[in-house]
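Take a look at the structure below.
When the chains are written out, they are named A, B, C, D and E in that same order, and each has its own residue count from 1.
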Amino acid sequence: MKTATQASAVLAGARWRVWEPLLWLAALAAPLLFPSHALIVNEVAIVALFAVSLDLVLGYTGIVSLGHAAFFGMGAYAAGLFAKLVMPDPVVGLLVAVALSTALGALCSLTIMRGTDLTRLMVTLGVALILGEIANKYSDFTGGADGLQGVVMGPVLGLFEFDLYGRVAAWYSIVVLMVFFVLSRRLVHSPFGATLKAIRDNRLRAMAIGVPVLSRLAVIYTIAAGVAGAAGALLAQTSGFVSLDVFAFDRSADVMLILVVGGVGWLYGGVAGAIVFKLMQDWLSSITPQYWTFWLGLFLVVLVLVGRERLLRPWTWFGASKGGKA
Amino acid sequence: MLTILFDGIAYGMLLFVLAVGLAVTMGLMNFINLAHGAFAMVGGYTTVLLMQRLQVPFLVCLPLAFLVSGLLGAVLERTLYRPMYRRPHLDQVLFSIGLTFMAVAAMDYFMGSSQQIIQLPAYLKGRSEFDTPLGLLGMGHYRLFIIAVCAALTVALQFILARTRFGSRLRAAVDDQRVAAGLGINVNIVFLSTFAVGSGLAGLGGALGTEVLGLDPTFPLKFMIYFLIVVAVGGTSSITGPLLAALLLGIADVAGKYYVPKLGGFIVYSLMIAILIWRPHGLFSRLGGKS
Amino acid sequence: MNTAATTSTSQPVVLSAQGLIKQFGGITATNNVTLHLRQGARHALIGPNGAGKTTLINLLTGVLEPTEGRITLDGLDITRLAPHQRVRRGMVRTFQINQLFDSFTPLETLATVVSQQGGLGGKWWQALGANRAVMERCEQLLEQFRLTGVMHQKTSVLAYGKRRLLEIAIALACEPRVLLLDEPVAGVPAGEREELLQTVAALPADVSVLLIEHDMDLVFSFATRMTVLVNGTVLTEGDPDEIANDPRVKAVYLGHGEEASHV
Amino acid sequence: MSDVLLQVEKLSAGYGEAVVLHDVSLSLREGQTLALLGRNGTGKTTLMNTLAGATRQHGGSIRLAGIALHKLASHERAAAGIGWVPQERNIFKSLTVDENLTAVARPGRGGSKHPAWTPERVYQMFPRLAERKNNLGTQLSGGEQQMLAVGRALVLNPRLLLLDEPLEGLAPIIVEELLRAIARITREEGLSAIIVEQHPQAILAISHSAVVLDRGTVVHSGTAQDLRAQPELLDKLLGVAR
Amino acid sequence: QADTFKIGLILPMTGQQATTGRQIEAAARLYMAQNGTTVAGKKIELIVKDDTSLPDVTKRLAQELVVNDKVNVLAGMGITPSAMATAPIATQSKTPLVVMAAATSSITQASPYIVRTSFTLPQASVALADWVPKNGIKKVVTLVSDYGPGLDAEKYFKERFIFNGGEVTESLRVPLRNPDFAPFLQKVRDAKPDALFVFVPSGAGAAVMKQFLERGMDKAGIKLIGTGDITDDDQLNDMGDGALGVVTSHHYSAAHPSAMNKAFVEAFEKANKGLRPNFMAVGGYDGMHVIYDALKATKGQGGGDALLAAMKGQLFESPRGKIFIDAQTRDIVQDIYLRKVEKKNGGLYNVEFDVIKDVKDPGKNK
């Protein structure tokens, strides 16, 4: 009896830690505290949401995707076109974008059932590239390579107009990020989430305890697609512009880097990665607009060589480095 | 149309030379080295510098490009790559992308960001045309040269991997370093030489490709997708797989663009997806092995 | 040790394989195998190395698809059923080589299995540890397999013996009606083997067990019925005494008997 | 007639910082077999791995026919004459059975009167493997993997075989055959062997000497016959049941 | 704060468009070095940002420059989508946006605050379409990169060429990222036109040129013509003698025979390790000129609207010749030259041999 309660306490990793609400409060306060950086806050929030979505498939389920931009792009174009052609309300547009990218995710989930990491990587990549080509071809509709123009957004909830400072945009994105984060958090700590991790760790065994592996893969891929679509929609709505590069390989690759920098299989990993990566990129490129990629690359290399944990704990740099190898 | 077929083959073979080193490191060493293109770029720039600054003949530049990239690969293997072998794949991705970023920026710093152009010797420049029963066949001499180099390479690699024990010793070392060493395989040497050869091949590919694909500091990023496609479609367990995959992609790309230019990139990507869904382990992977 | 209800041929057949054939390329690993597992059976499957025992289990559980033949569970044809659906119908197995969730703790592992078993696997809005019944069942399993002490350690760092116990605990957590054990005690220290099998023997009498094992002491103390597989085909079937004295079995498998009980 | 082949003195070794073996000494003559016994987790595997160079050695010396083995890297020890069968078999999973053998094979040493071990000879000993020549390592049954692991050590043409629980997972009849084969090889071809086993009776019968480990140190060392004749001592040394 | 005048220059400084950014930045800095950094009592400050050619980043950077750095003028814009994405910011914040590179015709319509100092593709291609039929070329195949500027080039060349009695037998579009031009060129070869009209982003131009020669198309009697992008001054020297004789139309050549240009080229090469300025550089150089003049005209007092008003209608001498900012369209009006690649002082240059005066952007006539 006692162990049972004790055990459930441990498994209730779902319970919120003290620092978490504080963190989110801080996030919400950020646009006020650093009014001049609201725009980068907005961008970080969008990328963080995108990374959280990738974490659901990559970190929690072990599906390697290099084409996550497919859903991001789908969400972006859906939101952009919806605002342009139907109505300018952001929240409705967001919902429509999420719905459409979820549908796309459901369709694409058929392609990831078979194969190795490498093949999945390529199939997902191919899907994103093909969508990009389609958007390019239907340029009457999407604006093609020049981008989709004339996206004018209405005020959020009919109350808050997007301002030039990007404050409303930042709040809007943070709130959306928070909503999806909380939902994802529930999901990964649930029995459902546990079976996903089980699939990631050992597919054969997961099957042998009765987990319907393929349908689980399809479901989580579809959900993640919806979340990625939300991130794309946020980008389209807060920038009032969509261009073909939302589907680009670089975007899929960047979000993967961001997630891995922050740490996979940990929802805050995506958020942390987005903050670190974006701020570092912004900072470096303002110092040396030409050669910042060098320093960013150096950062990645050092991060891997030293180790994520150890980089954050400088006091372990000396001394413990001996006896590593067996 | 024979000319189109010929062009496709040459293009495919060029892709193969560029990607085969990756097939070796990724397929045989199980190491995801996205910095592969950076070694190719080094080979390309080596050629450009040698030709432009020192007037070294093109044919001499090729082996030198191989050597320089291979040497660089060896040095990096000893210093940076070795601890990475046992890391998770995602860390390898991060690490090698980081290296690529550094290489791109560094190359930009030293060589400038514009396209580099080399002048081929006259004997590689021309083009011969033949009237065949199936129509006119025009063969660019340089493309012919690429095909010859690639064929020679394939035969050599195939020989090394199939006829010598090196291939199986390498795979043994990848499967289980500790036990392989305990059974007398010098794991360090095996890895070092494989990595160096893989990088060298990339360098050779870069040198060969400068003429056709162009060369600028973004080369490693621009062509990363192509390398990955070749390796993924071809499977990573043999040399012939990537070769056939590269040929298929080369021909499909060239022919697709010739006959249905409107469809642009669709052909290659759709073909890739179709193949991978049909044969998820790549076209020509070893049988069996459920994973 | 034959405490389990003796199964007579009067018991209904739960799991049966009819004319199973499995070919790998040119190799026929399973060649026309017909096998009936009766309710409450303590049935052992023995045979030389490479006879096709593991392959047979893989076929029964759906990890491999048979080239030919039929499998029925409770009279229902399950030949083409996905592995997880067979588990839902009560057929559970262990693996010859441990198959564990390395990043989980034993507690998490069992909680996941028990939730999945209890039909909660698709629930995403409540936490894994929130269900009381699930947690109590976990606690009970942990104690039964003496894993309570290590329940918060990551599986990947557990000692081999503990990992083996967890492997079997997982199978039992699935509440099997039919349990297929593939060399469950391999790698378990000699002294602890019997104890482990006792947990299995103590399962409810209506649970049917198929055991693969090369340790003849254990097999003979456990099984009430035995099938001998050789080169993918059934050589013979019978009760332990018949098998032990069958000269053909001695010739291809048991040897001269000295080794059968090297104590 | 037979010289000391292996001389281990005050060997201590372990993993990382942890020291598992303390001051282990033993010696073995050419053409003889040593049974290495001990309860679970007492360091038997660690000792074998240390001889093969796969652990971290902290002190002591290992000499094989006069060669200072402890100074050699792991891969050089195979050349010096060690043939290792690791406890978990560790078949190279992406190589076929045949490649598993050819990848590591070494020519027989000169001067030996007996035919060298080649993949063909291994196939004669385990016909089962010959039938599965082109299977990948992962496509073997558990027992077949065990046979391959033994064969793979033999084609190194070693002077000293290290067999770590070679009988686990093998059918009783193969166990018998393998034990006979080991006895024959050591007797006729002058190979030496160290065998770790859970069932002491089985190997004491074919061994010349025996060493019992407990908590990383040698607690008994003598002839196999003596130990076999004293079941009570065996019980005391190995504890529980056996 | 009050006595600095800030120019936010957003350019692709890394990635595939990096050369564009480098040329423009170098030119802008050269202009400042030559003309001093204090104008009308204000100290000019140039803030360079890298947008990596991602329009959403361009837009964010522009927004940040406007709200944080309080820049007086936005400038740069390497590619069309970047300019398009930034246009609303210019409008909303009433900040003039000087487009120095992006060349799709419609850009200036995206915001009333946009002023362009580069060129438009219709300008260059229409000029060529006028010249070509007069020189014995009747049948042409067009080959353009499949994106905004490419489509502009194709459309305006074709229209005018057909109007002038020519015939466009085929119009090919190649993907923007296209490593091998072989199949397209082979198609051209099979079509046997009198000339091939090409527009590809500079950089890819060299590849087209080489493969054109490799395929022996010059020997088969096909002429290569195009906008100046394919014989970009930046790379012309490396292209080798095969480029000799190629005819292009463009608004700028480093070999433009004017005293001002000579001085410009010399100074530019000196400041940049021998790098030859190309048409991007001149766009940046003139962009700075426009900004400087507007600042002078408003005496450092006016806000965005005043600056904009002062930019409209400017007429001045640029290294490329006389240029004029059309007050109505805010687009550049300039001479378009017909040039032929020739060897001069040991290097290859686009040598101008004909000129069409005062070309307005034909895209605005509709």
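Keep in mind that, in the parts below, a residue touches a chain if its C-beta (ideal position, glycine included) is under 8 Å from a C-beta of that chain, and two chains touch if they have at least 3 such contacts.
From a predicted model like this one, the values you see are computed outputs, not experimental measurements.
Counting C-beta pairs in contact across A-C and across B-E gives the higher total for A-C. Averaging Cα atoms per chain gives one point for each, and the point farthest from that of chain A is the centre of D.
Using the average of C-alpha coordinates as each chain's centre, C ends up farthest from chain B. In terms of their C-alpha centroids, the spacing between chain D and chain E amounts to 76 Å. Per-chain Cα centroids separate chain B from chain D by 44 Å. One simple way to say how far apart two chains are is to compare their mean CA positions; for chain A and chain D this gives 53 Å.
For the pair chain A and chain B, the distance between mean C-alpha positions equals 32 Å. Shared contact sites, meaning residues of chain A that touch two or more other chains, fall at 136, 290, 292-293. Under the contact definition stated at the top, the residues of chain C that touch 2 or more other chains are 24.
For chain E, residues touching at least two other chains, in rising order: 14, 18, 22, 146. Residues of chain E touching chain A in their complex: 11, 13-14, 18, 21-22, 48-50, 53-56, 59-60, 63-64, 66-68, 80-81, 84-85, 87-89, 92-93, 104, 106, 110, 146-148, 151, 176. By the touch criterion stated above, chain A contacts chain E in their complex at residues 36-37, 39-40, 42-43, 136, 144-147, 149, 164-166, 235, 239-241, 243-245, 285-286, 289-290, 292-293.
The residues of chain D lying in touch with chain C in their complex are 39-41, 128, 131-132, 135, 139-144, 146-147, 168-177, 198-199, 201-202, 239-242. Interface residues of chain B, counted against chain A in their complex, comprise 26, 80, 83-84, 87, 89-91, 93-95, 97-106, 108-109, 221, 225, 228-229, 231-233, 236, 264-266, 269-270, 272-273, 276-277, 280-282, 291.
Chain B makes touch with chain D in their complex at residues 165, 168-169, 171-172, 174-176, 178-187, 237, 286, 288-289.
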